[in-house]
Amino acid sequence: MTLPLNAAQLVKTRQEGGFLRTVYDIALVTQRNLLLDLRNPAVIIGSTGFPIFLMLVFTASFAKVVVPEGSYTDYAQFLVPLSTIQGLLFSTINTGTALYYDLRSGMVSRLRTLPIARSAVLAGRILGGAGRLLVQVIFITLVGHLIGFRFQNGFINGLIYLLLPVLFTSAFSWSAVFLAVKAKSAETVQAAMAPWLLPLTFLSIGYVPKEGFPEWVQGFVSINPVSAVAQAMRGLSSGGPYIGYVVQTLLWSVALTAIFSTLAIRAYQKRNS
Amino acid sequence: MTAMDLQARAKQLVKVRCEAGLSRAIADSFIIGQRNLIRLSRQPAVITGVLVFPIVFLTAFLLAFERSMSAQNIDYIQYLVPIITLQAMFFTAMNSASNLAGDIDTGMLQRCRAMPISRAAVLGGLLIAYLVRAIVTLAILLPVAYLYGFRFHAGVFSIIGYILLTLFFTTVAVTGYALLALGLKKPDLVQSLVIVPYAPFLLLSSGFSPAENFPTWLQPFVVIQPVSHVAAALRALADSEPLLVPLLWSVGWLIVLLSGFGFTAIWLYRRIS
Amino acid sequence: MDVMVEARGLEKCFGRTRALQGINLSVPAGSVLGVLGPNGAGKTTTINCLTTLLKPDKGYATIAGYDVIKQPAAVRSLIGVTGQFAAVDEELTARENLVLFGRLLRLSSVEATKRATELLEQFELLEAGNRRVKEFSGGMRRRLDLAASIVAEPLVLFLDEPTTGLDPRSRRQLWDMVVALKERGITIFLTTQYLEEADELADRIVVIDRGTVIAEGTSDDLKSRVGGTFCKLELADPKDESKVRRALSGLGDVTGTGTLTLAAPDGVTTLSEVVRRVDAIGVTLADISLCRPSLDDVFFALTGHTTGETS
């Protein structure tokens, strides 16, 4: 009877664990999520189209309000960074609902019974999301180019400009993942995300300069992480100081990841379905 | 049962359960409306949608743009509340589309269609429930707006007029969105496309920013489209300014849209499978 | 007028797909018709045409003499429909669901509440009556769905695959309920993929495939079309085979090796004769049974393919 030997062998060859195994597992799950996005282009088009539309509308309707003596192009140069980060932040709702549907359909249960790294499901979701975010950044920036937005600060800075919001938003999307694990319906994810995405993106140095806000809000506006990201991106694209803002953004990203990934993983392990 | 008995019983049932007539249409609509309201009151996402969303939007826009707008001599709270009201009504209608698509998906609509109830009852019931929801939204939004400094300058009649015009607008929006749900049927598809009518009509309007602030080539659309007119009429009602022109335009638009949407919706409802 | 449901030459196309290609059927008042066919055969389309949900391209159909195309409103007054997916409100309780449908069917609030309690009791849902439907199991949902379609007693009840996806116990419960409804004189039009279900519930069976009726009759009629009852013997010792064959000569053709079969036109009488003769020659049997062809065999004999395959 060779069965016990076989079992031992199987455990040996298939058991999860180890750094390389974990990375490999995460990569596979990420690939699956990216493939799903690729098969549903409508989702990407929808979640990219809306921020682009918002950007165009705000340029059209508020340029003359915010920069009365400037041109639409001037406001575009100012607005595109914020529109980009706003668009990305709103698409974290998609990351959340997609995960929710996975949890409900039993896909996640299947993955959990496989001998793959425990972190693969959630981390794969975040990384797959990051791939999509990068596509969105590129699209939004291209449209921004059409209305007059330009990189005025060199190629390397331009590259950092594209990656920084992806990094920050990926960190932020842990909060959506946390909510998805907790949520009882897909709408709950949406309803729980939107009320604080709105103030975060609107009450930031993005649509209007800090001086445009009433004094009592200015405090919030300056510490708002979205302000930091927007200003870092603005510096990277248009010139001016940005190192400080980039560092702030990175610190925020680390903090958000640390807090929400812990919460999400804990909630995920507690789930019984 | 003998043949004669059967014939007589069939005749009697047909007579008692007959679905035609206006009073049946109204009675059936109210029953279905009541059912929709029970459902709405049990969806947590709806409660945030009704309570939180409009206020968050109002606050965010007010804080971000009030100063810049006052540079253009615009009292932004008076200017902004009408479009925030209409936006809340748009959200209401968007949610009605998701719920109707859900009913199509679960087979509830088919069940109703095979029952001896008025053909208008499903749409009527949808409308009744969402008008109630709209009234609740107004009852929350307007007092908050008052706290922020919004005033009705022409007394009780202007308040009543404001509410009636808003509800008429909601009726049109719900009917229009019902069309979307009946045409697309799949809830997730509806969910991702509800934004399509919302974006151009609400955002490319003179509701957030006067038409003169838009690029010249966009101004004709901004000026002519219905949301701009309704927002202008609501503003005129609150500010006690000349009302006739914007009101005529608004009502004209709404009647045209309602009859178009209404007939198409009933036609689609009859032939849906 | 003895016929409750009648359809003549119903045709319906969806684009290029010819879902119905001339369906003819009739259901006598008070009886149960089982419509049997695989997925995609046109069962649901037939129900949709008969319940006014869909307008057929050609042909006509009547319910208690009322034309489903010309008098759809009258037809809806006579029917109850339970679709393939349990169409009840998840957010509402079972009781609220039933009251809702009761009121839509012209009962007053008081009557509807009373009727709801009655039905909850009858369908063994009384305890769960005040719970929201989303907490219900599949079987409970189906029962509630069935209850919802008879809130106001219909003359004809349409059941579209009422037990698909149910566990055996829930299925048995639902069957009992259908039988009870039949005993109250309600005419039932039932579609199913399960041969066993049609056998159990239906007075007459119509087999449809690719949008046409390919066979019609009672369960026994259909079975006899594939050959009647036969007797199956399994010998304890295969070496006795030739002895047994000799003993049974004159009763009919004996076929098979190891397991022997022979036609049993007289059913049990044949069976006991076989037992007597085998006993007389002192041979031991491992097993003996009287077999009737299953409806699966019927379907295969009629269409050349099994119920699982459509094309």
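Order of writing sets the chain letters: A, B and C. Residues in each chain are counted from 1.
What we mean here is this: a contact is a pair of C-beta atoms (placed from the backbone, for glycine too) under 8 Å apart; a residue touches a chain by one contact, two chains touch by 3 or more.
Please read these numbers as outputs of a predicted model, since none were measured by experiment.
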| item | value |
| --- | --- |
| From subunit A, the most remote chain by mean C-alpha position | C |
| Centre-most chain [mean C-alpha coordinates] | B |
| Centre-of-Cα separation between subunit B and subunit A, whole angstrom | 32 |
| Interchain centroid distance [CA atoms averaged], subunit B/subunit C, Å | 46 |
| Centre-to-centre distance between subunit C and subunit A (centres being mean Cα positions), rounded to whole Å | 53 |
| Where subunit B touches two or more other chains, by residue | 43 |
| Junction residues of subunit C - those touching two or more other chains | none |
| Multi-partner residues of subunit A (at least 2 other chains) | none |
| Contacting residues of subunit B [partner subunit A, same complex] | 43-45, 48-49, 52-53, 56-57, 59-61, 63-69, 71-72, 192-193, 195, 199-200, 203-204, 208-209, 212-215, 218 |
| Residue numbers on subunit C that touch subunit B, as the complex places them | 1-2, 4, 29-30, 48, 51-55, 64-66, 73-74, 76-79, 81, 83-92, 96, 100-101, 103-106, 132, 148-149, 152, 155, 185 |
| Subunit C contact footprint on subunit B (complex, rising order) | 1, 3, 6-7, 9-10, 13-14, 16-20, 28, 31-32, 35, 38-39, 42-43, 106-108, 110-117, 121, 271, 273 |
| In the complex with subunit B, residue positions of subunit A that touch it | 42-43, 46, 50, 53-54, 57, 60-66, 68, 72, 184-185, 187-188, 190-192, 194-195, 198-199, 202-203, 207-208, 211-214, 217 |
